[in-house]
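Every chain is named by a letter (A, B, C and D) in the order it is written, and numbering of its residues begins at 1.
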Amino acid sequence: MLILTMKYAVGLWLFGQLSDRFLVYHPPKNLEEKIEGASKIKGINGIEVMYPTEFKYDEIDYFKSLIKDYGLEVAAIIVDLFGQSKWFRGSLTSKDERIRREAIQTCKEAMDVAKELGCRIVNIWPGQDGYDYPLQADYSKLWDLFTDAIREIATHDRAVKVALEYKLKEPRTRILISSVGKALLLVNDVNMDNVGITLDIGHALQALENPAESLVLIYKRGKLFHVHANDNYRDWDHDLITCTVNLWDYVECFFWLKRLGYDGWISIDIYPYREDVRGACEESIAFMRQIEQIVDKVGIRKFEECIEDGDPIKISKLLREILGT
Amino acid sequence: MLILTMKYAVGLWLFGQLSDRFLVYHPPKNLEEKIEGASKIKGINGIEVMYPTEFKYDEIDYFKSLIKDYGLEVAAIIVDLFGQSKWFRGSLTSKDERIRREAIQTCKEAMDVAKELGCRIVNIWPGQDGYDYPLQADYSKLWDLFTDAIREIATHDRAVKVALEYKLKEPRTRILISSVGKALLLVNDVNMDNVGITLDIGHALQALENPAESLVLIYKRGKLFHVHANDNYRDWDHDLITCTVNLWDYVECFFWLKRLGYDGWISIDIYPYREDVRGACEESIAFMRQIEQIVDKVGIRKFEECIEDGDPIKISKLLREILGT
Amino acid sequence: MLILTMKYAVGLWLFGQLSDRFLVYHPPKNLEEKIEGASKIKGINGIEVMYPTEFKYDEIDYFKSLIKDYGLEVAAIIVDLFGQSKWFRGSLTSKDERIRREAIQTCKEAMDVAKELGCRIVNIWPGQDGYDYPLQADYSKLWDLFTDAIREIATHDRAVKVALEYKLKEPRTRILISSVGKALLLVNDVNMDNVGITLDIGHALQALENPAESLVLIYKRGKLFHVHANDNYRDWDHDLITCTVNLWDYVECFFWLKRLGYDGWISIDIYPYREDVRGACEESIAFMRQIEQIVDKVGIRKFEECIEDGDPIKISKLLREILGT
Amino acid sequence: MLILTMKYAVGLWLFGQLSDRFLVYHPPKNLEEKIEGASKIKGINGIEVMYPTEFKYDEIDYFKSLIKDYGLEVAAIIVDLFGQSKWFRGSLTSKDERIRREAIQTCKEAMDVAKELGCRIVNIWPGQDGYDYPLQADYSKLWDLFTDAIREIATHDRAVKVALEYKLKEPRTRILISSVGKALLLVNDVNMDNVGITLDIGHALQALENPAESLVLIYKRGKLFHVHANDNYRDWDHDLITCTVNLWDYVECFFWLKRLGYDGWISIDIYPYREDVRGACEESIAFMRQIEQIVDKVGIRKFEECIEDGDPIKISKLLREILGT
């Protein structure tokens, strides 16, 4: 029997300075220090890189040499459409057409960078594209601007996968691409093979979704391009160590990832403000690896039978078997 | 200048006995008593009828004579796929194929009834179609069963509009068609002219949506078939008197309904457990009529300018102007 | 080493008909049938009884003989202040003084019944005491009426413990005693030895509390009189089988229950609408028993060390150790 | 008839740089620039100052001269127990006793500063005092450490009012003093005349409270020392312009503030990240002033009658009268 094991990556931004609206945490680091930090994480095979925040286009050779030196693969490029002042009122849907073009151009560059780095995924999280107040937005225009932007970006290079990451809120009180349904609808509208979705498990929880259902609905359409892992209390994107709050959601997600044969990456996207970053990342991976082992030990068939029955009493028995004593 | 005014209906079920999980409220009523109750509501033009709960197929002539006597139009038929014991584990997605066929058949019958009554809308709210626990459902199968059922139903008579009403939860802890995005995706998948959506404003609030955004995204695709009106605290489908909690959401919704030229019905779907039912319905309508007048008085153009600017300070000024002193 | 094991009870109402606002589930049962149903649950030592819904004052001898026959102890009496039509706008805070007196009288009777049955706990859950709309209540008067009522009730017999059960909402959209803080404040105001709190773990989750924190703060004041167990998605009182959603919360609660030496009852208060009631109860108990074993195996000291460190990485390691593979 | 009008202040921190976890907004400003910014806000009488972030103890004379020059009163001093790196794992409940002493000392200094500035209120918002994960805290110890700290602080100078500001979450995923009930309980435990509460209306909404109820319960005990004003979607402390989301909550709060005769300050605590700061503050005040006028015009008695009846239909009529056309 072949047992599929997942590939884990870690966001490079975790190894620099982190902020919330009251404090900055951890000292700032330069690119090599961050890469060195990431390279020490047990259990990872790759990194997710924020472009162009972590390195500029003309630093690509330096970056390549660094990741070669530290033996890291690039799992995904996430385009920074949220952390630069110019995007503060929107990027791909900015009312300022010059800003909007710049956002589109940055995404295209990120695709070139991805290709150059042998990375298949460019992750687009439009955190600033939305609105905050009632009567602030023309929702129809926002949708069209966003759809057109994604289509143009994806057309730039059909060999690079554009993975759209949805989120309910933060930094905007309302983000346009807020739920699995709207993300899939957008992907349908764009209708290109290389446009799909990043499922951030914490974002699904924040949007009051069952992450496993979202995962299956995305996968069913061939659109599960990328996964972000972290945990929260179903109320906000707290980005906690995975599985420390919602264990069963993770068990169910990993059953489906294995059953469906997901062969993409799982990126650690936690925010260990007050913790040792390395330890928090390693725990996240160790927890998911442990769940992988549990799924393998229980066996896909047993989960399938449980789902076929749909009987909560059998579900509870299975969960208790997993928990052990 | 032509000023559009909305058509209001009221759910017939409001005039009988209402329940929650602890109590029953109001005395039970027979069909004529309910119709008489509805007919007394100032400001309504029609009723929404639950089929076959409120009358059976062979009682259609009696029902027709009653609504003729009381001078009421049928705004929509809502198929009872949630309030009969047989649907307790699902209707259109039931694992029991016999039950599922019965659910589909009931929807088709409801379409025949609608046609016979001169009503264009059959509302399908699949409240029992979902699940409660992790590892309880094959989400992909649920989606396919649901899509196929809607397609079969809609094919039964392309002249009747099938309006799908989404809701996040209750009675199931997780309903399959839970959000505006998933509802539109499903409608896309079915891809038939006569399949669209019922926007329940309270359900949009419960799903943490901005109801006006949901409205616009549905309308944009020509799929806003029907509207349900009620209010809540963005936490649950409390079905309170409209506008008593979220005034600005209602103002924004009515701006868009008028600007887009919505010519369908707005059905009062409140649950006045502890109140005088007639008074609660009349207040709901009076509140929405008042908001209509406000939108007309302010003028579409002024709202549009506010939205074009997208400046919260101008928004606040407009809201204060609406509020007056 | 002495290992404390918990005493489990089950709500007698689970063995009759259950409702939500759309459906009734399970056939109705008479008193003996319900008691028989409860008596079959593996792992319970007692029942919680709703008075006077399940039997009237003059049926007490019959009830005593039944529980004797079925070998059951009465863990708690819950006063029905929510499921009779007369309470629909409030019980202990009713504006109708006649209704309010009746509610107080019912509580006193329940205390007499409790004493007669050898039961120490009368549980008061004021689900109808609150309000639904803005500008509907004089919050200060509500507080005073409630405080006075509890004081009068508790004075009736200082040998019976009056346990106040808080809940955020449902059936009212806002219940007066909504959170652990307000419940403890009320208990402080009443200031009687026999007035304390029922912690319903699901209610704590619904109120966005960490149940373990609420438990500790109540226990610290000597006020943890009773515990109700069930689970949900932190959004509503879904009353699911315990531990099927929030495993770690249950682990943390049981660590504290054992560490603090709680010697009261844990009552199963789930609502198995679509499930086999017996199976759902037995799973709830089996899950909690299993967690008891885990806590014993890990050892109180190890949990304490984890808490003393407060390091999320150590927490994650401990959780992974508990999960095993 | 004497009509009470409220005193408005504005947080001085609004006039400098604001951050979220992705971006910084607005240019940094020095003390005089901030004070100048605040002084331009139409409708304010005072400022709330963050100490020692905005000026140090030895800069007090300079600060005094500045506010004299700009004609501003100090409404409240908020102690910075959240925005300095040393507090990142707690301030008044820090496990590091040295840090905890420093936090207490800072509060005492803030009291001295307040006195020196003729300000009666020191606001303590312990945003870092809580925890993030299950099994991370000894809740009983946290409570005791916090209570003891507040008692020691309040004892430092009984002529200065110590106002405790509760909040559910952020920056910690769980803050210790999270709800109105816990805040009042803490105040009860400390039991000193000069210890009371700051009601942040947005925090009450975030905690799923009805702000007017929280206000009344605090006032009833003579503990409403201070008020912060801002708005959100009942889901997070978004700090939006007041009344732009929850109009009726503000109407109800201002009815009670006037009826009860609140003579303290109302501080604007919004976060206008993407807006003109001055405009956003002025709109917040203009909106509240407008609601004051409405309450005066409707008249206290009419609100009282509405509350005495408690009839949602009358409530709706009153709200519609307020809205006008």
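By definition in this document, a residue touches a chain if its C-beta (ideal position, glycine included) is under 8 Å from a C-beta of that chain, and two chains touch if they have at least 3 such contacts.
Small disclaimer: the values here were computed from a predicted structure and weren't measured.
Visitor: Measuring between Cα centroids, what's the chain most distant from chain A?
Guide: Using the mean of the C-alpha atoms as each chain's centre, the farthest one from chain A is C.
Visitor: Tally the contacting C-beta pairs at the A-D interface and at the C-D interface, and name the larger one.
Guide: Most contacts of the two pairs: C-D.
Visitor: Find the geometric centre of each of chain B and chain D from their Cα atoms only, then give the gap between the two centres in Å, rounded to an integer.
Guide: Averaging C-alpha atoms per chain gives centres 40 Å apart.
Visitor: Could you work out how far the Cα centre of chain C sits from that of chain D, in whole Å?
Guide: Each chain reduced to its C-alpha mean, chain C and chain D end up 35 Å apart.
Visitor: For chain A, give me the residues that contact two or more of the other chains.
Guide: 89, 132-134, 208, 233, 235, 240-241, 244-245, 248, 274, 312, 315, 319
Visitor: What residues of chain D sit close enough to touch chain B in their complex?
Guide: Result: residues 208, 233-235, 240-241, 243-248, 272, 274-276, 279-280, 283-284, 286-287, 290, 293-294, 297, 311-313, 315-317, 319-320, 322-325 of chain D touch chain B.
Visitor: Mind listing the chain B positions that touch chain A in their complex?
Guide: So the residues of chain B touching chain A come out as 89, 95, 131-140, 143, 168, 174, 178-185, 188, 207-210, 212-213, 216-217, 220, 248-249, 251-252, 255, 303, 306-308, 310, 312, 315, 318-319.
Visitor: Flag every residue of chain C that touches chain B in the complex, lowest number first.
Guide: Touching chain B: residues 18-25, 82-85, 87-89, 127, 132-134, 169-171, 173, 232-233, 235-236, 238, 240-241, 244-245, 271, 273-274 of chain C.
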